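Naming follows writing order (A, B, C, D, E and F), and every chain is counted from residue 1.
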Amino acid sequence: MNNGQKPSVLVISAHAVDFVWRCGGTIARYAKDGSRVRILDLTFGERGESAEIWQSRPGITVDEVKRIRREEAEKASQILGAEIRFLDFNDHPLVMGMEHYLILVEELRDFQPQIVLTHHTEDPLNPDHPEVSAATYRALRCAQVPGVKPETTVTGPIKTFMFEPDQPEFCNFNPDVFIDITDVMDLKVQAMKVVASQTYLHENYTRRAEYRGYLAGRIAGDKNIKYAEAFKRFAPFVGKFFS
Amino acid sequence: MNNGQKPSVLVISAHAVDFVWRCGGTIARYAKDGSRVRILDLTFGERGESAEIWQSRPGITVDEVKRIRREEAEKASQILGAEIRFLDFNDHPLVMGMEHYLILVEELRDFQPQIVLTHHTEDPLNPDHPEVSAATYRALRCAQVPGVKPETTVTGPIKTFMFEPDQPEFCNFNPDVFIDITDVMDLKVQAMKVVASQTYLHENYTRRAEYRGYLAGRIAGDKNIKYAEAFKRFAPFVGKFFS
Amino acid sequence: MNNGQKPSVLVISAHAVDFVWRCGGTIARYAKDGSRVRILDLTFGERGESAEIWQSRPGITVDEVKRIRREEAEKASQILGAEIRFLDFNDHPLVMGMEHYLILVEELRDFQPQIVLTHHTEDPLNPDHPEVSAATYRALRCAQVPGVKPETTVTGPIKTFMFEPDQPEFCNFNPDVFIDITDVMDLKVQAMKVVASQTYLHENYTRRAEYRGYLAGRIAGDKNIKYAEAFKRFAPFVGKFFS
Amino acid sequence: MNNGQKPSVLVISAHAVDFVWRCGGTIARYAKDGSRVRILDLTFGERGESAEIWQSRPGITVDEVKRIRREEAEKASQILGAEIRFLDFNDHPLVMGMEHYLILVEELRDFQPQIVLTHHTEDPLNPDHPEVSAATYRALRCAQVPGVKPETTVTGPIKTFMFEPDQPEFCNFNPDVFIDITDVMDLKVQAMKVVASQTYLHENYTRRAEYRGYLAGRIAGDKNIKYAEAFKRFAPFVGKFFS
Amino acid sequence: MNNGQKPSVLVISAHAVDFVWRCGGTIARYAKDGSRVRILDLTFGERGESAEIWQSRPGITVDEVKRIRREEAEKASQILGAEIRFLDFNDHPLVMGMEHYLILVEELRDFQPQIVLTHHTEDPLNPDHPEVSAATYRALRCAQVPGVKPETTVTGPIKTFMFEPDQPEFCNFNPDVFIDITDVMDLKVQAMKVVASQTYLHENYTRRAEYRGYLAGRIAGDKNIKYAEAFKRFAPFVGKFFS
Amino acid sequence: MNNGQKPSVLVISAHAVDFVWRCGGTIARYAKDGSRVRILDLTFGERGESAEIWQSRPGITVDEVKRIRREEAEKASQILGAEIRFLDFNDHPLVMGMEHYLILVEELRDFQPQIVLTHHTEDPLNPDHPEVSAATYRALRCAQVPGVKPETTVTGPIKTFMFEPDQPEFCNFNPDVFIDITDVMDLKVQAMKVVASQTYLHENYTRRAEYRGYLAGRIAGDKNIKYAEAFKRFAPFVGKFFS
């Protein structure tokens, strides 16, 4: 891939800090390895994923919530070694249409990723997530055809992976990829800790990484895997040898 | 559930009298038991589920059809022991967006149900139904987070069930819950009879209830079950013992 | 079906020449047999399926692309023996709503097909396709109820089939119908050849027809089947004998 | 099929009278139409489907039960117009192996059916049924290759259909074929009535046929369909036109 | 269920201590509540689940391994409050047939459970598990018909649940039941600790219970749930109210 | 994998030359790259996959057929660069049990593969294939636990892939791996040509490789891929980066 260059990675995340819980370790893996990683935050999760802020500060405005969430997301992305951009669509419900798809096309064309990470296609408990997933697939298609925004450069081949939802089996999420994040778990933990507005998740997502690490280690027969993140491939693997 | 109080039940129904065929017996069971039951009728089914009216009264206006359907729905809900509210969105096709989702959030916040009944996620023969199902899941999520409409009270835990479509296997509807409606079947029959505009369904839905009763009775090993209604759980059961 | 008359066939196609690759042989079979066949082209595929034009003629306008694609589609449909109508919605992304659904209802009411062919419900690689599929199902439902556009005549029973996407297994397309197109394969090849803007597909879709012919011949135990097209039924078969 | 001759039909049934409930109407349809129909009864259902006999006649021997069941099955098959053969394997549990598969191969080679009807591949409530289904698929394969029992004639193309289990959705049975049995329902009822050992099923399977008739009539848009039986195709349909 | 009596629970476990990891908490819940709970251990897991013993004691005989495993299983079952019986079939591979099914029938008839817990139907990583699951379903069916072993008493209605495999998503295990084991987690931990031959699992199954507790707590909206076990229902729920 | 050494590959094939059609190119890829590749032929396909021999040489004995098939298989494996071993179980039907599983365990322990290729879990048209698949999974499990045949060395981590059946969609085979065999396609063609007893397949499997090459090339965005073979992973991918 990419003639010796490290692949660039674009993470398309529905709410401010989804990326931390779901693929923070994988972001850190790639960043540490020299890849350019950019997070595209579609919303600040200002309504639906900021419960602690709303509950602890009655009367707070949406703009203030956004500001807090933005800061957290920026700090977390810095820790992980990634750039971040905020599109500031509205969450809960996030309803996307033509204009949003075209913004995503521009973002894809601009960043020219080789790898895209995004939400799973199903999440009945949090419909903003599949909304982003579906929009991403529309945008990925449009970004690669020359007739859409013909003045910009189409994207090349992109490998897409969907990260794990909070309740994986409920969402029919059946992972076929585990990324071993053992050597960057400390960064994921640090990133989780700056995301003060959802403290109840810190411990649970450490545990989740251990759980996934256990499964991955058993499959690979590798006891050194202590922490992992789970993904689902979008397209089949193509290669000259099995991976 | 609900500290000794009877759970309140909200039925979210796409068309005027969907609720009668699909869960009329279950509504009657809960109402008879002391639960407060409210039906939310998103449309009067004025275009798509009023064929007999349109065919027998050429030249009738949409408003007249709505009036007839409203009366039928009101009578049927009274027989079953439920309140009813009409949102008067348009059916066939019913196309929902942000504004409709937020109305549903308000309705959920206002009624504070412990149980919600709605349509199945798939129905290729009647796409208004999955439109309502998808909207309900969006609204359920938004209703429980404090950042959406922060001036109203979030909902507590809600158990959601999807009722049976007309052609269940065609819709990949695989029921995992049967409610025994034997002792309220007379009320369901009465309610079906007031819904004059779809007479061809009366006999068939009595038969359907017998069919489901047969299946339920075989599963439970209980010959007293003569009539049943079929549902699909939304979320897993959680408890200290098996149910 | 249709009291001795040949069934009329409506093909609902997302982009200009989708119909050639996916069901050109079947169109020719029906046309040759005396059926009236009409293609409804929702877009010219002017942005997303005209890469060769955009790449070979830098600076070309969308209107010019549309004109080229229209001509190709008209020629191809003539070769196959079908009428064609262009609705000129926009592709890539094709986003349909109420107004588009109602146009489809009118088209269905006007043509009164006994058979409808359209896209498969899933195609993550080309989301315009399931957009059309979903819209078609909405329209099929609305076209058969008298309350929608009561001034026009409702459609009768329609059999619907979904044609094969480019990457069938990726789209969870599991065909249950193979149409033997051996005796009209020459027409399909001719039609493919006029569609100059997607030359890379000619050879591949001849090969695809051979592949499907091989599978169909093995299933039917009929070595005369050299070429076939694959479809997925929408609704179960109903008859007095097995088909 | 069969050059103008009526297709011969082989019904492979796990227990004595499974064929009556599951496809009695379809058997009668074909027999009435001039087809030769043969039922292959693998067991008498002497242990697992004769509860009424065991309960009403304590101390009865297995051989006596078999004799009763054989008589019922013979009478029922006569009413429906079919031949019947008993293989007398043991039921509950029915465990099949090499020798049983080869007996089925001989039966297929001997009868040379064009259509085979058998059980669905899944039935967790009655594992004898999928045991027969799996054995039938093994035998169908072996019967068509010349190297197995090379002294007998291989079978030609066979169309196979699986009939409906008692609890269809529980068994993931999703029917894609409905056979309209309205004009032979009287024969099915007669046949059910001679099967005295399972009286509780009579009424329920009349109701089932009405339920399936309702679904089939709605799909086909044909109000004359009052009774139907549901099936699942084994292999895709292959033809020159849609069925 | 059971007229006020506590339901008796039968756990059918492939290998010696499967029951500890998979449903030890649930066993303890029922035992503590006054239910009679019996574990049926089909093998000692002497070959396939005793790696630590084989590795640490080269030259050990199968009988010695069995003895060690039996002791562990007995101690663990005592801690949880359950009886235990060993059938001593052979594991790895465990291949069951007629004779084993009939032994299970006898065990079911003898114990007369109201609840059965067993393995999931799929486990490609450990095929002994689905072998037990399939055998259990055969036995459950045979145990309830009077013609099998007519000299013993048939079983009444039984509710069956499948416990979680080691790699749930890999096995297509999609839980629809979570049992809150918070108040008996100490007993599960104790039981795990006596099972010295598989030490690497202790920590992981504590973590698993926390993971499941997190999911269950989120679904139920109940922060008191700290530990849970996941199950899949065999048959639909039947009742007069939703569970 | 394997510390710089090339991975050894074991192909477990039901019938004599299944390996040629299904993974001949992939075998050649690995052999050419320096891997040791061994084919394990469970049967000679002497009954079920030798139709041309039986038809052209009436009166031939099974042993003669086996001899012919063995020679073909040996020649084909030589061309591809692989070793071959024949277990000479009987095909059509191939029914495997304890003894066969243990032979496979020995073969796995003896060869110590890092990669195993075998049949897909479903193939209703050719039940010998899933019989082998299921046996392979049993053997893979048993081969890795020290308590089975403790005198031999357990296998290390193995990656398993299932190759494509003749009718992929019919078998619910959904490939997630495509191996580019463009540069060894000449060897696959040569190997197919020595397999004289199934000439009708030569052309079709060249076409199949082109079809799969087309799909793989489109997914990877690589026009150099002309021929490919399709596989399904058994276990999730585990790695430090995406593949």
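Everything that follows uses one rule, which is that a residue touches a chain if its C-beta (ideal position, glycine included) is under 8 Å from a C-beta of that chain, and two chains touch if they have at least 3 such contacts.
In UniProt terms the chains read A, B, C, D, E, F = 4-oxalmesaconate hydratase.
Since this is a predicted model, take the numbers as computed values, not measurements.
Undergrad: In the touch network of chains, how many steps separate subunit B (4-oxalmesaconate hydratase) from subunit E (4-oxalmesaconate hydratase) on the shortest route?
TA: 1
Undergrad: Name, by label, each chain that touches both members of the pair subunit D (4-oxalmesaconate hydratase) and subunit F (4-oxalmesaconate hydratase).
TA: Correct list: C, E.
Undergrad: I want to compare two interfaces, A-C and C-F. Which one has more contacting C-beta pairs?
TA: Spelling it out, more C-beta pairs touch across A-C than across the other pair.
Undergrad: Round to the nearest whole Å and give the separation of the Cα centres of subunit A (4-oxalmesaconate hydratase) and subunit D (4-oxalmesaconate hydratase).
TA: Using C-alpha averages as centres, the distance is 53 Å.
Undergrad: Averaged over CA atoms, how far is the centre of subunit A (4-oxalmesaconate hydratase) from the centre of subunit E (4-oxalmesaconate hydratase)? Could you give it in whole Å?
TA: Chain centres of subunit A (4-oxalmesaconate hydratase) and subunit E (4-oxalmesaconate hydratase), defined by C-alpha means, are spaced 38 Å apart.
Undergrad: Counting only residues that touch at least 2 other chains, which ones in subunit D (4-oxalmesaconate hydratase) make the list?
TA: If we look for residues of subunit D (4-oxalmesaconate hydratase) contacting two or more partner chains, we find 170, 175, 219, 235-236.
Undergrad: Quick one: do these chains touch in a line, a ring, a star, all-to-all (complete), or other?
TA: Here the contact pattern is something else, fitting no line, ring, star or complete shape.
Undergrad: Output every touching chain pair, sorted by label.
TA: Every pair of chains meeting the touch criterion: A-B, A-C, A-E, A-F, B-C, B-D, B-E, C-D, C-F, D-E, D-F, E-F.
Undergrad: Okay, in this complex, where on subunit B (4-oxalmesaconate hydratase) does subunit A (4-oxalmesaconate hydratase) touch?
TA: Residues 97-98, 101, 121, 134, 137-138, 141-142, 145-148, 150, 234-236 of subunit B (4-oxalmesaconate hydratase) touch subunit A (4-oxalmesaconate hydratase) in their complex.
Undergrad: Show me the residue ranges of subunit B (4-oxalmesaconate hydratase) that touch subunit C (4-oxalmesaconate hydratase) in the complex, using the header's touch definition.
TA: Subunit B (4-oxalmesaconate hydratase) residues touching subunit C (4-oxalmesaconate hydratase): 46-51, 53-55, 62, 65, 92-93, 95, 124-128, 170.
Undergrad: With touch defined as at the start, can you tell me which subunit A (4-oxalmesaconate hydratase) residues reach subunit F (4-oxalmesaconate hydratase) in the complex?
TA: For this pair, the touching residues of subunit A (4-oxalmesaconate hydratase) are 29-30, 33, 115, 156-157, 159, 161, 175-180, 216, 219-222, 225, 228, 231, 233, 235-243.
Undergrad: What residues of subunit F (4-oxalmesaconate hydratase) sit close enough to touch subunit C (4-oxalmesaconate hydratase) in their complex?
TA: Going by the criterion above, the answer is residues 166-170, 172-175, 204, 207-208, 210-211, 214-215, 218-219.
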